[in-house]
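Starting off with a structure, shown below.
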Amino acid sequence: MKLTTNEATLLSAVTTPNSEAARIARGLDMFVVAILFFAIIAAFHIHIMLTVGDWDFWVDWKDRMYWVTATPMLLIFIPAALSYPFMMRFGLPIAGTLCAFCLVLGEWISRIVGFHLWTYFPYSMIWPAIVLPGLMLMDLVLLLSRNLFITSIFGGSAVAFAFAPANWPILAPYHEPVVHMGQLVNVADMIGYSFTRTATPEYLRFIERGTLRTFGGESTLISTGFSGFVCMILFFVWWKIGEWLTNLGTIPNVMKKHVGLGDDDDEK
Amino acid sequence: MAVTHDEVGQAKAIAPFKFNLKPMIMGMIVLAIIFGGARWYQQWAAWDYGLDATDPMFDKYWMTFFWAEIVIEISLFFTFVGYMWLTRDKHLNNVKPREELRRLMLWVSMLVVYAFAFYFAGSFYAEQDATWHQTVVRDTSFTPSHIMLFYMSMPVFIIIGFTLFFYAITRLPFFARKISIALVLVVCGPFMLLPTVGYNEWGHAFWLMEEYFTVPLHWGFVFFGWTIIALSGVLIQVMKYMVELLPKVLNEKGELTS
Amino acid sequence: MTTMKSSKRNALNVRAALIKSVLLMVLMCVTGLVLAHGERNQEPFLRMKTLHWYDIKWSVENDSTIQVNDLVEMTGKVHFFSRWPEVINKPSTIFLGNATPGPVFVRVETYLDGVPMIQSTGVEMGHVYDFKVILKARIPGRHHVHPMINVESAGGLVGPGIWITVAGDADDFVYSITTRTGTEIANLGSYAVPNVIKWHAIWATVGVLWLLWWFRRPLIIQRYLLVKQGSWDQLITNNDRKIAATLIVGIIVTLIYANNITKEKYPRTVPLQGSKAHVDVPVNKYAGMVTVKNLSAEYYLPGRTVTVKAKITNNTNSPIQLGEFTAANIRFVNHSVPAAMKGVDVGYPDELVANDSLKVSDQTPIQPGETKILDIEATDVAWETERLSSLLNDPDSSYGALLFFYNAKGERIIEEIYGQIIPTFID
């Protein structure tokens, strides 16, 4: 595609090494990185905490059914939406990785400063899930394919397929069986029981409680498969939402005469 | 085109562009002090005076804090936004490109402060609320956690957001000529998180009595949180602005021309 | 000039009015909502018609000091009211626990009628269950410790509480268990945390390196224009593609490897346990012994007094006397009934027992087969401090309470009473 004169001038200016233009452009880069860093932590974190937060907060919510099914689905919204501007406007296939890093950083800060130092919940109870491998795979598929459909299918589903395997190495120790008061539970149950949550009792946990139909305990696989399917669709949908939000236009400014602009200034 | 000695001499006289980082750094330091101080106050006063809303000490240490917040924030909102409007540039059709670049960069740098404030509301104090609900039986809408989240962190970024919005439409011709929908979303979407508290409290009073964070009555916050994705729209508009503005102050060798 | 001034003044007035109205709105929210939540703030008609806790005993006295790692035992009875409020779920799913400020105590054991309560359970209304809660002190401080039952859809319903000061150092707290597979967990609160941090650090490092790989290049303006120009070879180089392909393989191999070693290390795991414990419905040993009917009830506001007129029939073989009226954890004891007075243990929280005696219009025992109409008067500031008087703000002006009767041998018979309650505002 051909650039306009202005664009060509600017491209030539900012690509001149050590020039003022390159310095100004780099300064802008730094500002934008900082804005994105804080804004993504905030937006992605509030989205995750209020949609699948409880599973992420508590070790005794991290089950084979809801946690594994719902978390990847909700993880994909914002990274998919940001993938559009990142990739299609700046050629940067890093939206997923950046979102994952920012989310987990925000979560750790909150778990340490809020959950542990303020309200005394132990670390074994409140660690966040690992989300980076799946979202990074999504980025990598986008990088290699540069194709929305391929990324929806393989990248979207990767978020779900990588979720349980990424977390099992840290969750497994908590699923060792324990007998307490003559009852069989696992270590995670035991932690949840021991360290009192006044407002989230046992029955409030959305966890797998059995259905007679989970085919010999393959719950994790079944959940992952379903989640992968939904993630494919969600990647596509949220990419489109990202596209829409990136290309938003303008509305007339009725107050512009107060700042010395007339109607003819519209076309400038 | 041949370059005369005079022109070279002029080019040398042009001062290099300086990023004015002071407002951004000051802003972030002030915010860090406010939010850090609030967190310290929580650690000190929440356990001793914040567990029972019917205790007179709760009124003294928490409700006083709450009322002070409300008064200060409303005053600051009108002061900042009013200042931006009253001191507006009344001749935006006649701004020198170099000045425009300075303003734009300052504005972008202050977006960092906005995002920093949004971090405290959307992440730090928001998730912390989940844990305070696990220490008490919910007995008021004004817990030590809510007082910091809904009535401090949220108003702080709302004040900054609206101030920046008014800065843009009063000092940056590009954003003054037409109102950017993306910018409106980036400012008004997060603003709507505060009115959403109404839905949240209604829900907790009449609908869902139990505390888990993923209840549907919290999804209002999620919805308005999404609007921050429109930052990408603002970024694209800033790019268009740059394409329009930078060639006026730079030549193709990347040197400043004015 | 004048117009400018007056318009300025007008603007100021408008602003002041705006601020005032916002403040007023907030104030309305405050007063409206403060009365609508939580322990003391739960609506009285709900509190009085849900759980009634009695015979509560703590292994330590009110306001005593214990050390980190010391155990506290709470026992007693909890009565599930038979006229359960229509607006909340029946207690078919409940969880027994403790109302403490979060995990300042560790919950060691809990039992309802002897059944371990590590899981949730369901109970029948109109029945009384024994409970036992054993806690272990963890975080130093002065804490209010109550038994509590969470009822699905209603939230936590709190029993009477005492103050316990925990002294010592939180770092000394230990809670060790051994798993069924033989793993000895020295401290449940820090178990397997280094492994969590290790894996988080590994993935964060990969992510950060990948981000730096991109951030080191000119990002925004240049790439925006290159995209416009369609120069994808410059935007994503062959090198990038090679590294991306390697990373895909690397991530997948790491995941497979990590899961294989995890499987080797933890060959036996069980999922989260989500079953419900079953507690047999206890026999109501008081059934039919006394018939109680509410005739009228009034709340006399200035005097903080509840007056109940009740028709009481004694169906037992021995004379009985009314010894106690208890509602929402507040006890009004008839001082002239020695057996009732004995029921108030030393160390029971003062604020939950009315100072004045329960006044009963006729103190003579109700004979076997006899029916009497009694005026019962319960006066205490607790109606106010425990916010029970706020029932005047409720959409359902009714009350519920338990009446404790005692016979000559000191045996106790408990019966429910409930009905409408009418306010009296003036002397």
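First chain written, first letter: the chains are A, B and C, and each begins at residue 1.
One rule holds in what follows: a residue touches a chain if its C-beta (ideal position, glycine included) is under 8 Å from a C-beta of that chain, and two chains touch if they have at least 3 such contacts.
These numbers come from a predicted model, not from an experiment.
More contacting C-beta pairs link the chains of A-C than the other of the two pairs B-C and A-C. Of all chains, the one whose CA centroid is most distant from that of chain B is C. Centre-to-centre separation of chain A and chain B, using mean CA positions: 22 Å.
Distance between chain B and chain C, defined via averaged C-alpha coordinates, is recorded as 37 Å. Inter-chain spacing, taken between the CA centroids of chain A and chain C, is 33 Å.
In chain B, 131, 134-138, 210-211, 235, 239, 242-243, 246 are the positions where the chain touches two or more neighbouring chains simultaneously.
Residue positions of chain C touching 2 or more other chains: 99, 101-102, 148, 150, 152, 155-156, 220-221, 224-225. Across the assembly, chain A contributes 7, 10, 14-15, 22, 28, 32, 89, 119, 121, 196-199, 204 as residues in contact with two or more other chains. Those residues of chain C whose C-beta lies close enough to touch chain A in the complex are 93-95, 97-109, 111, 116, 118-120, 138-139, 148, 150, 152, 155-156, 170, 175, 177-181, 183, 185, 188-193, 195-196, 199-200, 203-204, 206-208, 210-211, 214-215, 218-230, 232, 235-236, 240-241, 244-245, 247-248, 251-252, 254-256, 258-259, 261-263, 265-266, 268-277. Remark: chain A residues 1-3, 7, 10-11, 14-15, 22, 25-26, 28-29, 32-33, 60-64, 88-94, 97-98, 100-101, 104-105, 108, 119-125, 127-128, 130, 132-133, 136-137, 140-141, 143-144, 146, 162, 165-166, 168-170, 172-191, 193-199, 201-205, 207-210, 217, 219 touch chain C in the complex.
For chain C in complex with chain B, the touching residues are 15, 19, 22-23, 26, 29-30, 33-34, 36-41, 88, 99, 101-102, 141, 144, 148, 150, 152-156, 158, 220-221, 224-225, 385, 387.
Within the complex formed with chain C, the residues of chain B that make contact are 47, 51-54, 63, 70-71, 74, 78, 131, 134-142, 201, 204-205, 209-211, 235, 239, 242-243, 246. Of all the residues in chain A, the ones that touch chain B in their complex are 4-10, 12-16, 19-24, 27-28, 31-32, 34-39, 41-43, 45-47, 49-55, 57, 77-78, 81-82, 84-86, 89, 106-107, 109-110, 113-115, 117-119, 121, 196-200, 204, 206, 241-242, 245-253, 255-256, 258-262, 265-266, 268.
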